[in-house]
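Same chain, two partners: subunit A is paired with subunit B first, then with subunit C.
Up next, the complex of A and B:
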């Protein structure tokens, strides 16, 4: 069912496990989110995202597992601006990490350092390569 | 003194709640701090970091180790080959915090060549300030770097983007997008009249300084602005020119400093 279709989306038994899994992995209670949009308005990377961070939060609340196909979860750089500003005390960066991990643990790496041209690899500092690998590969 | 047998902290704190393995590297560093005290090398189990990412990773791992007894047990068992487990006593501080503790007056006393008329925009980035509870200062209204720069005699330029993300590790696979983020920060600093930018994190340094060639190709109006570690500005103000190693910075800040009478 497309979001915004006006139909009532019920949290079926089938959808619950996804939301629970995200809660378990992130340590965050996504149910607390009341969609104020503070995370989305402060996020410096929304230009590159297909879904706003607050939309991702809503999809997780509703148990919509397709959120894992979103570009947004890979664009989040864990800058924690949303964590500082969320009036509900949710660490949205933790939720994004949980969503990334759900994909990475199925052995789907987002990037491969092997694909970088050698001249680019040489100019990149270790701190960039290590953090990139830590965030985008399993 | 340099910590004996230090290792890479892993650069980022593992956020997934079931992840234990990635906390081993920072915990190992913290154990080395306690060992340095035992060996009589230092009096207190304090470790000072200059890098914002090390600061964040070590500090968060320390907090987790002290407060999560289950994970602590698992980490201890994996690290059984060490002489003893980490006792949770190390304290992680950033150099800016140490300087603040010493007192800005003391810093001022050491200044031999005040950075007068040098307009410096402090840039904090993310991990010096966030997440809340793990920063060196208030996450929204930091003052610590401003205080240091003022103690060095510089004129502080307060830019709204001072704690906005520079693009971080996206510089690897999304370098143009990361360059755009850095460009916006650099342009704002220039527009607000800053001569140069002071920062602490080496990844920010790469994105905001080393990537200026790329930024110039992507954004034709970009003119370039020097970026220095805050420690380099300290060296300059303390009269330790050689220690500042300004020849390593790109773009080269020396012509500008020479113009202001701050370089030979």
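Up next, the complex of A and C:
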């Protein structure tokens, strides 16, 4: 998956609907992000992510739908460190949730708890399990 | 208190500025036996040091003081007035420049710098030994100020000075004042209507009885001295009598000629009979004679009979005490940034053009239409730093206003539903309410892409901006309807010419050099000349206004104080020596000398002190106050006679323009050979052949004459006379056995101070290659001169 580099990105009108959709779902104006990196800096799970939270924000800002293919949005545990620290007042975790929503609405579960072996279930921290599920989505 | 000379010498270390390169202790030890008192000081200009000098002068009864420190342009006045308090006449104070012209320029050669400092100080000592007290006169300055440039800076400064009660002459090159600010529909960060806030000020200018508004005119000549400048202003032929014109616009309506409107950045037309914009001040029409076909329709139509198509330019002469330069900026020519396709692609405009497009009174009536294509635009990309912060293709500095005006224009566009992309390398918002303005622009939906764009590709009606998104580390292509370039702001074309006329230096980017970048930011290097606004460097309107008010205050301060008139006049030593031959009358550039009863009579009021008459006198009957023959020779001898330098070059330097340039070379720490030893002179025309021979006789291997350019130097024609004389001297030197190449003559422009390194090095290398002057020639010269 050519995330972060590769193919030239065309910033045409086509990118606008995705941008607007995320804004609508999250209630957050990602346009306010000025890419300072504070969200990534405080994130406890960056080692496991394929995209840093700030990169996710940037992709949403530009409307790059490929962001939905990233592991990051699932690894995010909604610990809210990022949104406490964001100098532009963006609730980054809300944006992550909106992105998960968009994936889930495609009726696709990245992790199915039923298929996890019991020993792994015992090992995994609860918060990780929660993050695999449909947090805040009822 | 002149009497038998009792000399005190103080040598300053200037912290380490001098002391790190010149062995000050060694210098002091060397001169101690030659004078009554010698001492080194860490900071000579500090209050305790000055008090110490005063006490020592009184305690030891010193009647001559030599101070070796920084350029006399820095602290001479402080020292002189302090020493006057203890009864030392200012003519008995000798300043020796061992910082700008020694330690700072010979950092790599401490031995050479130490020898040079010692020689220069000995020059000062010997000169002081034969100095005589002189009475300086004081004069009031002319209480009028010339302000050049009628933009927001010039307007603000004019109003302040007029409020204070001074007479102001405001000269503007265009038919109306208002400058660039009047072209903007809104200003950041308040989004005030620019025209609404500036127009009342423009009206105040035209209504204020203290302000003499001179539009459609340019300053062509500045002479005189600070406090008493004489200025010539060229009034371009306007074709319309401003007294009669009522601004009805009939002439414009009937005029058949259309040319691009400057006010609209050429995006729309105006007539040859025109007013640049409706609120113009003065509200007077102008005939553009370059475009006018002289059809005469306007003359017929004018109800007031105000038009004269045979109008000619006139020269207006003004006498002012101070001058404020406020000539503002223009944008770097986008045609010189070929990568951005300006001029090639109609979808590319400059930010100033965009200001006009956004104005309801602009070429499109405020509609979001590209006037070059007639098409509406819905997606716009801004390219910031289109030439700024670029040492290779453009200007190395940050233009400071582009980020903010791009944000402003973005907001105006976003409010009307246009999608705005801003391609930037850094968004810089230092300034009150500016970061908030940036946030607001993001809230309104502007999108930012970090990465310098250098490539535009046309695609149908659109144009594709190709660049990197450095956040994603990925190339992006941005198809837009309109690209707005933000080129560097630069000084206007005429600023360099004005700087030469005013004899003020500019920096490497062409902006006017401040007297001190931090502590004296609106004064120039020349007394009585101030500057404000963009001409000093890129800045916003708020800072420009503040600078204009500061410059006005500086002018008030300058004009309130009495000026010192240097006692530097030529005089007849003894009427018996004069036979009334009239050579001096011929030579005097100021027409200050006449012959009465067979003797030369010098008018002190007219004498400028250039010294050109002195070498002209075949009988040696003339001399000069403060720079006597005796003093000059003593200084030459002092510097050269005991010098231990391997190559000895004596450079006579014109003391206003050229000397300032040499100081600037010091300020920039340009390294040049330590063989160069400097004596300041009012003009090179002060020099006799005898002085040059005297220098060679006493050890010089080469002599340099660094003259001011004719139009910049304080003594005008005297700076030309010297060139002719130098040519003659060169041939006469050969007659005395000295090769003519050992005499160098060149003119030094202040803005070209960087070239001095080359000038000094070239001459030094040539003299070093040729070797020292033959000792036998020196002996012979000494015999001839005695």
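The rule is short, and it goes like this: the second predicted complex is superposed on the first by the 106 of 138 C-alpha atoms of A that agree within 3 Å, B and C clash if a C-alpha of one lies under 4 Å from a C-alpha of the other, contacts with A are read in each partner's own complex, and residues count from 1 in each chain.
One rule holds in what follows: a residue touches a chain if its C-beta (ideal position, glycine included) is under 8 Å from a C-beta of that chain, and two chains touch if they have at least 3 such contacts.
Computed from a predicted structure; not experimentally measured.
In the superposed model, A:52 lies in contact with neither subunit B nor subunit C. Taking subunit B and subunit C in turn and counting the residues of subunit A each one touches, the greater count comes from B.
In the overlay built on the shared chain, the residue A:68 is in contact with neither subunit B nor subunit C.
After overlaying the two complexes on the shared chain, residue contacts for A:84 are found with subunit B alone; subunit C is out of touch.
When both complexes are overlaid on chain A, the residue A:29 reaches subunit C alone and has no touch with subunit B.
Contact with neither subunit B nor subunit C is seen for A:103 once the two complexes are overlaid on the shared chain.
No residue of subunit A is contacted both by subunit B in one complex and by subunit C in the other. Of all residues in subunit B, only 8, 10-12, 14-18, 22, 51, 53, 126-127, 129-132, 139-140, 163-165, 167-174, 177, 181, 202-203, 206, 210 touch subunit A in the complex they form. Contact residues on subunit A toward subunit B in their complex (touch as defined above): 24-27, 44-45, 48, 75, 77-81, 83-84, 91, 93-94, 97-98, 101, 111, 113, 116, 123-132, 134-136. Across the interface of their complex, subunit A is touched by residues 379, 419, 421, 427, 439, 442-443, 445-450, 469, 471-479 of subunit C. The part of subunit A that touches subunit C in the complex is made up of residues 4-13, 16, 29, 31-32, 34-35, 54-55, 58-59, 61-62, 64, 88.
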